[in-house]
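Going in written order, the chains are labelled A, B, C and D, and every chain counts its residues from 1.
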Amino acid sequence: MQRIECGVLGATGMVGQHFIRFLENHPWFDLTWAGASDRSAGKKMQEATAWRLDGEMPERISRLRVEESKPGNAPKLVFSAMDASVATEIEQSFAKAGHIVVSNSKNHRMEPDVPLLVPEVNADHLGIAAKQRERRGWTGLIVTNPNCSTVALTLGLGPLKPFGITRVVATTMQAISGAGYPGVPSMDITANVIPFIAGEEEKMQQETQKILGELSYEGFAPLAARVSAHCNRVPVVDGHTVAISVELAAKPEQGAILDAFRNYKGALQQYQLPSAPARPVIYMDAPDRPQPRRDACRENGMVVFTGRLRPCPVLDWKFLALGHNTIRGAAGAAVLNAELMQAIGLLDS
Amino acid sequence: MQRIECGVLGATGMVGQHFIRFLENHPWFDLTWAGASDRSAGKKMQEATAWRLDGEMPERISRLRVEESKPGNAPKLVFSAMDASVATEIEQSFAKAGHIVVSNSKNHRMEPDVPLLVPEVNADHLGIAAKQRERRGWTGLIVTNPNCSTVALTLGLGPLKPFGITRVVATTMQAISGAGYPGVPSMDITANVIPFIAGEEEKMQQETQKILGELSYEGFAPLAARVSAHCNRVPVVDGHTVAISVELAAKPEQGAILDAFRNYKGALQQYQLPSAPARPVIYMDAPDRPQPRRDACRENGMVVFTGRLRPCPVLDWKFLALGHNTIRGAAGAAVLNAELMQAIGLLDS
Amino acid sequence: MQRIECGVLGATGMVGQHFIRFLENHPWFDLTWAGASDRSAGKKMQEATAWRLDGEMPERISRLRVEESKPGNAPKLVFSAMDASVATEIEQSFAKAGHIVVSNSKNHRMEPDVPLLVPEVNADHLGIAAKQRERRGWTGLIVTNPNCSTVALTLGLGPLKPFGITRVVATTMQAISGAGYPGVPSMDITANVIPFIAGEEEKMQQETQKILGELSYEGFAPLAARVSAHCNRVPVVDGHTVAISVELAAKPEQGAILDAFRNYKGALQQYQLPSAPARPVIYMDAPDRPQPRRDACRENGMVVFTGRLRPCPVLDWKFLALGHNTIRGAAGAAVLNAELMQAIGLLDS
Amino acid sequence: MQRIECGVLGATGMVGQHFIRFLENHPWFDLTWAGASDRSAGKKMQEATAWRLDGEMPERISRLRVEESKPGNAPKLVFSAMDASVATEIEQSFAKAGHIVVSNSKNHRMEPDVPLLVPEVNADHLGIAAKQRERRGWTGLIVTNPNCSTVALTLGLGPLKPFGITRVVATTMQAISGAGYPGVPSMDITANVIPFIAGEEEKMQQETQKILGELSYEGFAPLAARVSAHCNRVPVVDGHTVAISVELAAKPEQGAILDAFRNYKGALQQYQLPSAPARPVIYMDAPDRPQPRRDACRENGMVVFTGRLRPCPVLDWKFLALGHNTIRGAAGAAVLNAELMQAIGLLDS
């Protein structure tokens, strides 16, 4: 199969670098176009980028010429790693010009005609695509993935959806890589907890309802569950840990929930997507797992690990979920979305 | 005033060292007796102790002779810093022999005739003392303070008790000093979260109900609230942070709760106890406080700091509480209990 | 004694905040004037300052009005916490206008007519003052303290000066607080070492030679010793640790060096300065001390701790030195310099 | 090629686990035998081992039966991961019984008839094998690799050996994984430096002289260079960083040294060993590299990274070296030694 050309908007930033790394040896997508701010345009990626990830920028990418963030000569498929301050208009201009914009930015996530995907959980939400095009008069499309902490929560909750999720209290312990670079000052987080991340709790609460909700002819119906998030930053490099209490309408027994975690396949089984893990959720039996430093990077960082299922005296059950925030929670999530869109023909549409 | 002689059981261990440090310049109590295991008995404290706290062991204490952990020549007032594996029988033998045992150990906390004190919140629970003596035929007494994470939770909830606490979900991020020495291996906690502390969630749940409950003629009636704890270890040296969601029967408005936090005096105002802070709970207005490294040690480590009060979509309100685990959560808590007992005449009884 | 009014230039920055904290209850100096950039001038300190230290800004200081960084109405004694980018001209303008500028900035340290003081070691270097005034035509004066890592090295070497220091290899492990705020990104230093600090090695090498050198009628004669520094950042909050190999002309035995460490009094004994520790250097016998988290803050952060003296197969001896970088290495150092100047009458001159 | 069966002595411990992980997919060696203490013998590896590495123990190994640490049915090739307290006699008993013991333990490293290998640097030291057998009357052999910090130093110095190394001052910042499990208590190392590692400085100094020395008909002649080590533990998970000052007899210019680093191939080029990196030493040009968290794991952890070459005012040159302590400094080092022995026929002898 000939690989599909793709571009990255915001290629020189931290999220852009995660896209470069994740796409480095991708079997379907070939990164050939890098868009960034006017200030960087015209330079080689090597010069325009302060590479912050481990190791070095892939040789081939370092020689790419940075382009202005305008449609024009970009490939049809573009991943957006743009800062929220500029993403709204640029993403729209690409979609209007016929591009498929697979975005990690928060700007369009909560729009009523934009899919917010955790594809194992709500692949069917892509069904809104036709309505988006019709309503906006676009030939392109904008598709989004959630905030990094939302991914760990919603994929962790995915196996429990059939039991009827009615209430969720989720407390996060989030890694510093989630804040980008320079991000969190070391004077703030060394041997410390910062019990606040601006805007994060609101995002987790709203996005979770949309993702776990239903798409009907009328549009998205958010899950009627009440969701409460407490968001904290802890001195961890990669991996967001979430302590979850959940109320389930069906009042399942512990064994049924464990079975649900262990047998969960998600909605992608049929597609053989290169970035989809064999099992999107892995339940760990050890009493003190999952742990971010030991588990977040396993399985290419694309699995959400759960563990410690036990009764909750207030809601019904308590458990843990852990996801790699810059892979499963950002670049990997977007690429998986694009793979699904390719598999169902949406990239050609 | 002549200072009252006191002893420490388990003086050579980590908790014992915290007692030594906290009592170093105490205006009421004079540490003159150190009990430890038979292995240490007869040695000087200097030789028997691997001092792990900052700085050095106080000169005067270092010259004390370690005694066997038997009543006999110990002062009437003894603080117990003993390991749970031996505390039950030794503490009982001291109480039977007429000693006032002010214990930080978990062994007797949940006994129906033993006070479990956060004195600002439930000083009246000392009223069980007569029943304990009568029932056990002791001339002495055992009084306990709670687990370190329970203190931060219950003192943080103290100001809200008048509103009728009905449900609590509490997620902790606990410091490594809570595990003693050698305690948590650095390979486990460096840049990591350990989402499990053996027995901790059960202790927090039960102890909170007892502390916030009522003492009547019939004995203790635990608070009928449902309490759920998620306990986690994070790479912080001192200070347990707790993210709390709470349901309140009286459905107060935000302003009323803030007033409750800001005006809280607790039950010790009248006694002028040397270790009692002017305000046992301090509400911080900054959006990202309290933080363990920046706040836990303030006010001699005896205050619980709260902050970030905001509506909770699942229960009624969310907020943070932070307490110094080895001071307010251990040695300082026990000494404060003894001060209260002195103030009301229980040390002379 | 009536306290002497003083000001702080650069009062709103991190170093300025350390001055505010250190001067909070100073018996001799009364902080009444705060200078900062034009952008802050006219505001209350409370509004102009993002307070980053533990606890809160002292009440009285928070109400001070920020002044422009111009002589005029400033007190005669001003401490300079200014950024190197602006310190040269502003400090000179104050000295020209008759102010005593006691500076923590690097700008004037290596000038041939400016004292660079570690006063226990080279108090006599203040003798250059008359020459500075004469040469520059100033009625005021500029006096400086060294870079934070230089203080730990030179005070640690102070007791060995009588043996004739001829070669020094010093490798630092420096705390993050040395880089100010926001300073070192947590993504760079969490569970990592950054083996480079811009300009630091050059400063340590040159400043050490000047401090340990002699002042004669001709001016400063730097110590003829060769000094090599390796500077590294490590994940420590406060306290710079220095591993030192030293060659000594007199070839003393180990006992003589230990005696030198243990009996060292420095040049300030006679003055009873409020910030001068009883012993400026404390040698620790424990095989694994000093350690930054456990020792840097002891003795008000004004002592340099040494330890682990042992033979060096390449030079003569190896040992450790540790100093608190923001206290002994910055604000405390400058205040101590001012105290000495007051004691010898230089503040009145 | 049929894979060669091999065993691991001390298979259940931390170093043993590193051997298991490193050998997991080895093309030449097939781990079929696991020896441990009598207490574990007879159990399955799964039951006998508290797995501490990331992820899980390889399925196939988890089903191996643990054997007593006695020759008998072990394969000819055995890797020794044994604790120093028992390694001497057990390793000798295996060598006596005809086994090739490739040991990571310190016990035999400094014996005059035992090779201490960093094979890129001193592969020729295997020439002592015949003498060892003859002298001891063994049909087997003991071959050792150095202490983890010594590997980073000696491989970093390898390219400079032709210039005549005469003096070395090396200061380490060592990772916590070097101390095994439970190893360093988190209360000791969190936000701290421990400036002492028992026995480490002596090992680095002696081993470096042996490794960089010559083997002649008379036996080993250690390098006549003077070597001084300062060893420190820092809060880093993997990777020992070494700050090095070195004196070189040939007084090369900077360019010549850079060329030496960049062109260094070591002595293994000709053998195509599976664990030998294409370039055993990689010089990094960035001014602040190498860094342990960002670089130690690159190239399968088998490369020593150098950087920051600059003049040293005391000796001639200063630079950094970084090596992965549990891979290049332990399990990977031993396996590479065995690969070389296989390549030159020593495993069949």
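Quick notes on this one:
Operating definition for what follows: a contact is a pair of C-beta atoms (placed from the backbone, for glycine too) under 8 Å apart; a residue touches a chain by one contact, two chains touch by 3 or more.
Because the structure is a prediction, the values reported are computed rather than measured.
Relative to chain B, the chain whose mean Cα position lies farthest away is D. Of the two chain pairs examined here, B-D and B-C, it is B-D that is joined by more C-beta pairs in contact.
The distance from the centre of chain A to the centre of chain B, with each centre set as the mean of the Cα atoms, comes to 42 Å. Note: centroid distance chain B to chain C, computed from Cα atoms, is 41 Å.
Centres computed as Cα averages put chain B at a distance of 48 Å from chain D. Chain D has residues 190-191, 235, 237, 293-294 in contact with two or more other chains.
On the side of chain B, the complex with chain C involves touching residues 54-55, 190-191, 237, 293-295, 297-298. Residues of chain B that touch chain A in their complex: 167-169, 171, 173, 190-196, 205, 226-228, 230, 232, 234-237, 241, 243, 245, 287-294, 307-308, 312-315, 318, 320. The touching residues of chain C, counted against chain A in their complex, run 52, 176-177, 181-191, 235, 237.
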